[in-house]
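Two complexes are shown next, each including chain A; its partner changes from chain B in the first to chain C in the second.
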Partner chain A sequence: MAGSSVSVDYADAMITTPIAAGDWLIVAPSLITMLGGALCLMLRKHTDLQPKLGITLLGVLVLASFALLVRVLDHGVITMVMGNWLPPFGIAVTADTLGATLTFIGSVVAFCAGVFGMKTVSNSGRRYGFYPFLLLLMTGVCGSFLTADIFNLYVWFEVLLISSYGLLILGNDRIQLDGAVKYGVLNLVGTNLFLIATGLLYGIFGTLNMADIAIKVAELENPASGTLATVAALYFLAFAMKAAAFPVNFWLPASYHTPNIVVSAVFAGLLTKVGVYALIRIFVLILPASLGYMADIFGLVAIVTLMTGALGALAQTEIRRLLGYLVIAGIGSMLAGVAVASNSEVATLAISGAIFYAVHSIIVMTALYMSAGIMNMMGGSYNLRKLGGLYQKSIAFAGVFLILAFAVSGLPPFSGFWPKIMLVDAAFKDDRFWLGAAILVSGFLTTLAMGRIWIFAFWRGGPEGTPDGKSVEVSGSSQSDLASGAIWLPLGILTALVVYFGIQPEWMIELSTQGASSVVDPLGYIRSVFGEQG
Partner chain B sequence: METGVTVLISLFFMVAVYLMLSKQLVRILLGIAILGNAVNMLIFTNGRLTREIPPLIPAHLYTPETATANPLPQALVLTAIVISFSFFAFLLVLAFRAYQELGTDEVNKMRVAEPENDQTPPQGY
Partner chain C sequence: MRTVIFRTIAPYLAALMVLFSIFVLLRGHNEPGGGFIGGLIAASALAIFGIACGVASVRRAIVFHPMGISGFGLFIGALAGVVSFFRGQAFMTSQWLIFDFFDVEVALSTPLVFDIGVYLVVVGAIGSIALALEERESD
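For the complex of A and B:
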């Protein structure tokens, strides 16, 4: 610069071309939620203002992430490097179809939860920061989906985790403290494992940029070598813990039924899927060779997770705990997709099945937890033995529940059907018949578990002991809330999405296929990070 | 030099895992604190240890003259220290509150969320 005797060509170190205005959208999801969360935190004593502000910000988030998705579909993968340093030195934020799709669906779910929380979160819950925590949770979720730097991914995981702690203990009940201890300790150990693996990976390659690591791994002579195998095993354990795969799933059923129902709904929708997303990103994009020799372990874990989830769900009396196990069963299906992705011929099909399943699971699990909340409002309990006669109370709600029950079991014509077809198809093409069979059997057992809720909570006349043919009026826990649109609107939006993705799956299949090919064939991703010469 | 530190790190990991396998919540938390330190040292060592050559660039140059100590792991460790410290503080308070409410710090006896002898679901349809 002026006064300097050495002339420097900044183009060697920095990106000098101006950033296209539309590319700024890529930082919008994190920025909106982070600044919005800070604003909400400052205004946390204004309990009337909290829902308005929080829901508005979440609405803006939905719009921004939709605009980002449209931009990615129009322009391909987009990258922004922080400080304009040339990658791999600057921290890159990259949106491909996979990240943008999950960001969009996650934002929709968070918006619905924000609206639902208007009724279920009390004034003291608002004062203790429900909306700031929800917004900051979304900062972590969106950041994880969009970052292209592996240490940055760790930081977003921690942002997500600390906000989830805040949400989990909102209310400070005995049962919540018990659940939070297990959730807190095990998740912290999981992120520490992630950090160990990242440290080792940095030691091997000297870089943290995912695209850069992918290039360097591809250049290795022996990508299945010992050190890299350690890293791969640690990543698998860490993300399996985050995703609640067997045998590191125990924190989920211990904690997901303890917080406020809307918090459970958000957790069930988003948190475990971030773990699955990280598994896909790390193993398919960065360590495909490791996935090759670990595929059987992935497949085995997937089968056992599917069975644990489905059988665990059958053994529960408490609806929320039953749904917690169904979250685990869904994780098994997605893991099955990752396992099959080791075969490069069916990798795109398998990963697109896993992505579609993740989208389906985000929507349907949130909606199911919300309906569990409504069942409690109508029937006064979460216990299958004490519920009954809800069909008489609201036929429309019974219909919505039946749609969700079909969807989560993978029955047509709802959103769970298509990803299951893709996953089973991919598993059979890869000659992994056991894996395909496990997905189908788990779907069947899920149907039984959901059918049980339908029969006991909706179909029979009243709680346990009511004679056949008689009907008993059950009293709900908060009947007055049931008249509010804030309860029905979010459930309606999510159910509409379930039906839409079931009847018109082309759009989502297209999105997930594009998302899958951006990780299976990472050239576009790498080019976007490094510029065209990469 | 890395070898010596590696032995130390593995000792840290051993202690951390041993403590985390305990039934007492306080010991588990101490294990987590030590685990955090072990991870930090691991990242630090993975950046290769170079002594007494600070990453400073002389005023008339734009790049350092010789290989210097790697500053990046220090930045990473700093981030990780802040995060693990805040998490540890949170978990300590959480454990104390749990001890107040549940009257025990033994994890096997913390069965409020998942009671023993839980009701089975209704049999038959």
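For the complex of A and C:
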């Protein structure tokens, strides 16, 4: 330590070799958003400067996370240990293809939301801190995707949760506080379970480094022991809450329709997927034996979640609540992938399906919530009974909505089709016919739910009660904003991605297969954390 | 609450507490203390000053909005970790600058900057909550 004259051999405790400058890309996503969020916080009163600064920083984030993805594809898994301490004592931040892909897609979505927010977030929303919160939310999201330390994962969860509370109550409406209480209480319970499970895990293994735990779990004689089973069950419940899986899904439709539409869009795209990501990381990478005997529970939860989501969506007339249920249905599909991953023969296929589905769901759910916002601007309501005649108002928007509707239902040729094929294929190969059937039935019901929006909001001439063949003009809530590129550009980018991943799926299949193999076969991950001797 | 005794003593008490919080902040690296606990002490100084002399005078005294102070703390805290980039070391590796100043050894370091960042974040965040609560009470 400083000032001591004793000579110390630092090589016993610290990494002494220089770090390649490119490895700094691992911390870049969190660092850029943290510094940017702090800067935006200081300049909170300058409401006209906020969007410019925020969107620029989110643009830099997109570039940095793309550079990180490219570097991971070139160099394989890369690791940087904070403070140069040797792992497992230093906190390792590790980017594999899974983390880097999700970081990149998440950054693109955040950028789109930042642009969309230029019009939908008022000056008072900016003063309340929309851009700082959005940036700090991304700090937490990117940090979660890239950390290799389980307690650090908890910290990033807290960072993203606190920012999400801020975004949720932006504007302080009565209904927002009501939604925030439900969201807050459930997440509080969830993160506490997460913390308790982490404490137990540390008690068992004496380490928090995921790679180190993976090694120690693999060396256990009895990996199905009671204590470890408790830890696994607690993690499952905690992340299922975060991901809004049945039976802890009720908070999502109860809160996601309350905030500003762009906030709903970001939440629907990113937050639940962080929970699914954590499930994949914990169960496939470090607790595969626990996944083995919990697979049937995962499968059952997946089936019920798929059905709850799809049936709930059919029953709703509020578009935002309807979309909330579709988010839940998507979570069911990803859980199905995790359940099938217990069979090592199809694990890579199943997890790559889940990863691709997560990517697809991040993009398409954000785009759908943005479309709901545009429908409100055009038709003046989020209620299917009051909407109508939007097809006449904008044929192009109707087309975009139809693309997104096809994609979320899993119909070709859009992005939802391929991951569903992979997941159903994996489920059938694992002899889980009910799981495969549930994915297909849920997709069919989703098609019906989206068809209802399409028929009522777009094809019908006017609000409920308009006779066939007649058209009634509905007045929008903010027609003037519809001329702005800030509304159409983000929706365009996201729809283009949906179409691209549908028509050219090879790149994303390649990425998700690589990402899946890095968690299914963790050797590369462990080597990257501990150096070659690991 | 606003008795004469309290109003007379509060400014001195607040000043002492801020001074003590800085002392706690600076001794924090090798001994008990540090940015978090120092920040809490400083935030309670603001709270006491606010109860005695009104929130408006606290806001005038600290010049910047508490959330701005928080943001600045977060900014320098994160920036302190970046210094190691220029020496080819990992994020957050501590850098030390040790020199003698009139025969007293002074150790400046990035952990110190980080700790000052934590201190400011805590002062800003807790101070902002405390002032908001006190403001509501006086309505």
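Basically, the second predicted complex is superposed on the first by the 526 of 534 C-alpha atoms of A that agree within 3 Å, B and C clash if a C-alpha of one lies under 4 Å from a C-alpha of the other, contacts with A are read in each partner's own complex, and residues count from 1 in each chain.
Just so we're on the same page, a contact is a pair of C-beta atoms (placed from the backbone, for glycine too) under 8 Å apart; a residue touches a chain by one contact, two chains touch by 3 or more.
None of the values given here were measured: they were computed from a predicted structure.
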| item | value |
| --- | --- |
| Which of chain B and chain C A:Ala254 touches, first, second, both or neither | first |
| Touched partner set for A:Thr230, first chain B, second chain C, both or neither | neither |
| When both partners are placed on the shared chain, which of chain B and chain C touches more of chain A | B |
| Which of chain B and chain C A:Thr466 touches, first, second, both or neither | neither |
| Touched partner set for A:Leu41, first chain B, second chain C, both or neither | second |
| Contacts of A:Ser484 with chain B and chain C, given as first, second, both or neither | neither |
| First, second, both or neither for A:Ser394, with chain B first and chain C second | neither |
| Touching partner for A:Ala21 - first (chain B), second (chain C), both, neither | second |
| Contacting residues of chain A [partner chain C, same complex] | 1-3, 15, 18-19, 21, 23-24, 27, 31, 34-35, 37-42, 44-45, 80-84, 90, 93, 129, 132 |
| Contact footprint of chain A on chain C as seen in their complex | 30, 65, 67-68, 70-75, 78-79, 81-82, 84-85, 88-94, 96, 98, 105, 107, 109 |
| Footprint of chain A on chain B - complex, ascending | 20, 25, 28-29, 32, 35-36, 39, 42-43, 45-48, 60, 62, 73, 76, 79-80, 83-84, 86-87, 90-91, 94-95, 97-98, 101-102, 107, 110-114, 118-122, 125 |
| Interface residues, chain A side, partner chain B - complex | 5-6, 8, 151, 155, 158, 161-162, 165, 169, 172, 174-175, 177-182, 184-185, 188-189, 192, 195-196, 198-200, 202-203, 253-255, 257-258, 314-317, 383-385, 452, 455-456, 464 |
